[in-house]
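In order of appearance the chains are A, B and C, and numbering begins at 1 in each one.
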Amino acid sequence: MSQIMPSARQRKTRTLLFWAVPAVLLLLPLTTNPYTQFIANGMLVSVLVTLGFTLTIGNLGQLAFANTAFFGIGAYSSAILAAKLGVPWLLTIPLAGAFGALGGFLASAAALRGIRTYYLAIITLAFGELMRWAYLHAKPLTGGTDGMPMPRETLLGISLTDDTLKFYIFLAVTVLLVKATLNLMRSHFGRAVMAVRENEIATASLAIPTARVILVTFMWSGFVVGCAGALFARHVGHVFPESFGMLHLIASFAMVLVGGLGSVLGAVLGAVLLTALPEYLRAFPGMEELFFGLIVAGVLVAMPMGLASLLRRVSPIFVERFYREAP
Amino acid sequence: MLMQLTLGGLSQGMIYALIALSLTVVYRSTTVVNFGHGDFVMAGAFLSYVLVVLAGVAFLPAAALAMIAMFVLGVMFNRGLIRPIRGGPHIGLALMCIAAGYLLRGIARMVWGREVLPMPPVFDMAPIFVGDLVITGDAVFIIGTVLVLLLLFFGLMALTDLGKMVQAVYQSPRGARLIGLNVDRFNDFSWGVGAALGALGGILVAPVSLLHPDLGASFLIKGFAAMTLGGFGSLGGAVLGGVLLGIAEQYAGAYLDTALIEITAYVVIVAVLFIRPQGLFGRKAVVKV
Amino acid sequence: MSTLLTVEGLSVRFSGLTALDDVSFTLEDGNVRAVIGPNGAGKSTLFNAISGYVTPTAGTVHLRGQELTRLTPHEIAEQGIRRTFQNGGLFPALTVLENVLTGLHAQTHGSFLDILLGRSKALKSEADNIHRARELLKLMSMDHMADTRAGDLSGGQQRIVEIVRTVASDPPVLLLDEPAVGLSPVARAQMMEIIHRLAGEKGVGILLIEHAVELVMAAADRILVMAAGARIAEGTPEEIREDRAVLEAYLGHS
């Protein structure tokens, strides 16, 4: 199938669409009840988690499962910075991102040692579980099984427990990071990331520093997911080790797959669709696992390219790669 | 003290060996690493619990029934979910295995709820005392069963064409097809054997530990650690890796800190892959970058 | 005419096996030098050693007097030696234009922050590259395929796109690993035409591995004959045609 690129006019429509979505969302808190607002906040967190994940497993094509580790690192560093050092929470967001990027650096170190495919999957799984062990056992810092409550804080006179205030902050962070990631993936760097996935050896022959491409992709993925961790800490108000276990991993997989591997738009769609439903399933033991298991298996067999590819067929507006030619 | 720890480690390590071996059986003959294998182990424990406690079947027939059921499940999983996506990228295969694991876990939790269930002891035998050493019935039973099974397994591999078939399919599925081997059926068989052997691991731990739907996750990691230590893809390495891991856990727990038991496996994975990626017996695991 | 590439005493040994044994030669601008020899003669190892994919155990590689011997593949490519791959090195999921653009990666300006923020500096540089990539495709009459997935092209088209991608950055030296293998006679003739033009009009120094003897005789200025990792003959096509050692070692029957 040929790839049809959007025309100049369609690209303008797309830019308009991109900014229209958050603009409309600004009105959301006026029309919802507190519970829906809480779910909407959770969706924004999921969008960032899925976005970071799809970069490494979709765009870069590496079987790396360290996403849950980045998320936990982000959440705990935000909680620790806020609770133990009194750093204002807003400021902990980029700092949590930086710690997440450090996690990304460690994961890429494995990939750059030549540990790939199943070995990379296994070592990154071990990384995630080691982090969870650390949250459980570094009691003075993390509170162990009791977890860590986020400190009370106000912003502009409003308590940071207020879901509407959180929504606006989450929305701003999410839009910024989605936009930056889109810029990155549509640039020559994003092209190099896909080139590494397609043929790493040939990529190096084009004067592309493949090791740096892998390193930077993992670190950016860690940064985005680390920021998501900081949002999550505020979202639930209390950080527990269990939040960063295997269930979180499969939920992220499902979101990435439903949207379509390696698609920014897909990450957003998958996260939005799959955040709300499990909230309602949580009351029934086992349903969450069954739900995500069925979704992943079903998508793999029936729709391996995800929703984003369906949309792409509807209109070239949804093709994510494009060339910014001089006007 | 040292002897007691070694015995405890050996008994635990036999379980890991069994799980690593069953993972390797599937990997060697289908090149798929079953990331849902922990839940197959859990399902074995779960089925034997249901049969023994809820249906009142005696332990041994219950174990046999559970293994047969898991064999069938393994075959069905391969036919229904793995085969349709075989040609695709390995990411898809890994995710499919995880999804299958979650389905099993979901079913177990629907039945079990959030409870942690004890299974009545089966090997009610008075412990044997050899000097300071206490040998429990559990240890005898676990080590004995796995030893018999290993003898049977490696004996079959050595004395029949099975070993050659595994090797042929591993190196070139097309070549194996050319010499008249039914690769599809062979893959079914390997998935069945892998699932049944993994389930046996669960059946053996069921009477000596608390059962809950999430018990598979840690066994998956232990299985991986054993495989990595022994050399990914080596059948004998998987067994030896499992035994060594079990013993290492006990030593680390006793001489360093009990909290370390849980992470010995993770540390082994990270250390082996960074320092000696081919493990003890395996082929090189890293690619040149 | 000036010397671009100087290879001196290049050797590669893998655990006791000598894959490349003390090979020396030079390559001048505008020249096409073919490397021929039977399978296992060390031709591909020679390419891999020059382009940094295999570390030579002895010997040196210089480009215009600058030593490149132990640099990494991407550093060597950046210095100006670019190569193609025997089995095709295109990125199948990327479009033709995107493939060519990857060849211009090092020519793109703008820091990581510029890219993240979508600053005009990064965009301008990208737009310049797109302009250049389109022109190159037009030159090869491939511009109508620009938005096609590379994986959907025919074998011959893929080879041409790979060459366009490889020369996009105007490298002084080009290593072509069997560019005509598997091509139809028409596509083959087109490929030879492209090689002639690159050397003749742009003055690129081309090192060429090729099996088709008649093709090599027509295209090459000089020929290097290898067997068992070592150089057994060197000269113009006419000289090689007459060389008894070559006839025996390589052409065998004739």
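Heads up, the rule we're going with is that a residue touches a chain if its C-beta (ideal position, glycine included) is under 8 Å from a C-beta of that chain, and two chains touch if they have at least 3 such contacts.
Quick caveat: nothing in here was measured; it's all calculated off a predicted structure.
Peer 1: When you check each chain against subunit A and subunit C, which touch both of them?
Peer 2: Expected: no chain.
Peer 1: Mean of the CA atoms for each chain, then the mean for all of them together: which chain is nearest?
Peer 2: Centre-most chain by C-alpha means: A.
Peer 1: Which chain has its C-alpha centroid at the greatest distance from the C-alpha centroid of subunit C?
Peer 2: B
Peer 1: With chain centres defined as C-alpha means, what is the inter-centre distance between subunit A and subunit C in Å?
Peer 2: It comes to 40 Å between the two C-alpha centres.
Peer 1: Counting only Cα atoms for the centres, state how far subunit B is from subunit C in Å.
Peer 2: That gives a centre separation of 49 Å.
Peer 1: Using mean CA coordinates as chain centres, what's the subunit A-subunit B distance in Å?
Peer 2: 32
Peer 1: By residue number and range, which residues of subunit A touch two or more other chains?
Peer 2: Residues 210.
Peer 1: Which positions of subunit A touch subunit C when the two form their complex?
Peer 2: Listed in rising order, the residues are 1-5, 179-180, 183-184, 187-189, 191-192, 194-195, 197-199, 201-210, 216, 321, 323-326.
Peer 1: Write out the stretch or stretches of subunit B touching subunit A in their complex.
Peer 2: Touching subunit A from subunit B are residues 33, 35, 81, 84-85, 88-92, 94-96, 98-103, 105-114, 213-214, 217, 221, 224-225, 228, 232, 259, 262-263, 265-267, 269-270, 273-274, 277, 285-289.
Peer 1: Which residues of subunit A touch subunit B once you look at their complex with the stated criterion?
Peer 2: Touching subunit B: residues 57, 61, 63, 110-119, 121-123, 125-127, 129-130, 133, 137, 200, 210-211, 245-246, 249-250, 253, 257, 261, 284-297, 300-301, 304 of subunit A.
Peer 1: Per the contact definition, I'd like the list of subunit C residues that touch subunit A in the complex.
Peer 2: Listed in rising order, the residues of subunit C that touch subunit A are 51, 53, 72-75, 77-78, 82-83, 85, 89-95, 97-98, 101-106, 108, 110, 112, 115-118, 122-124, 126-131, 147-149, 152, 165-166, 169.
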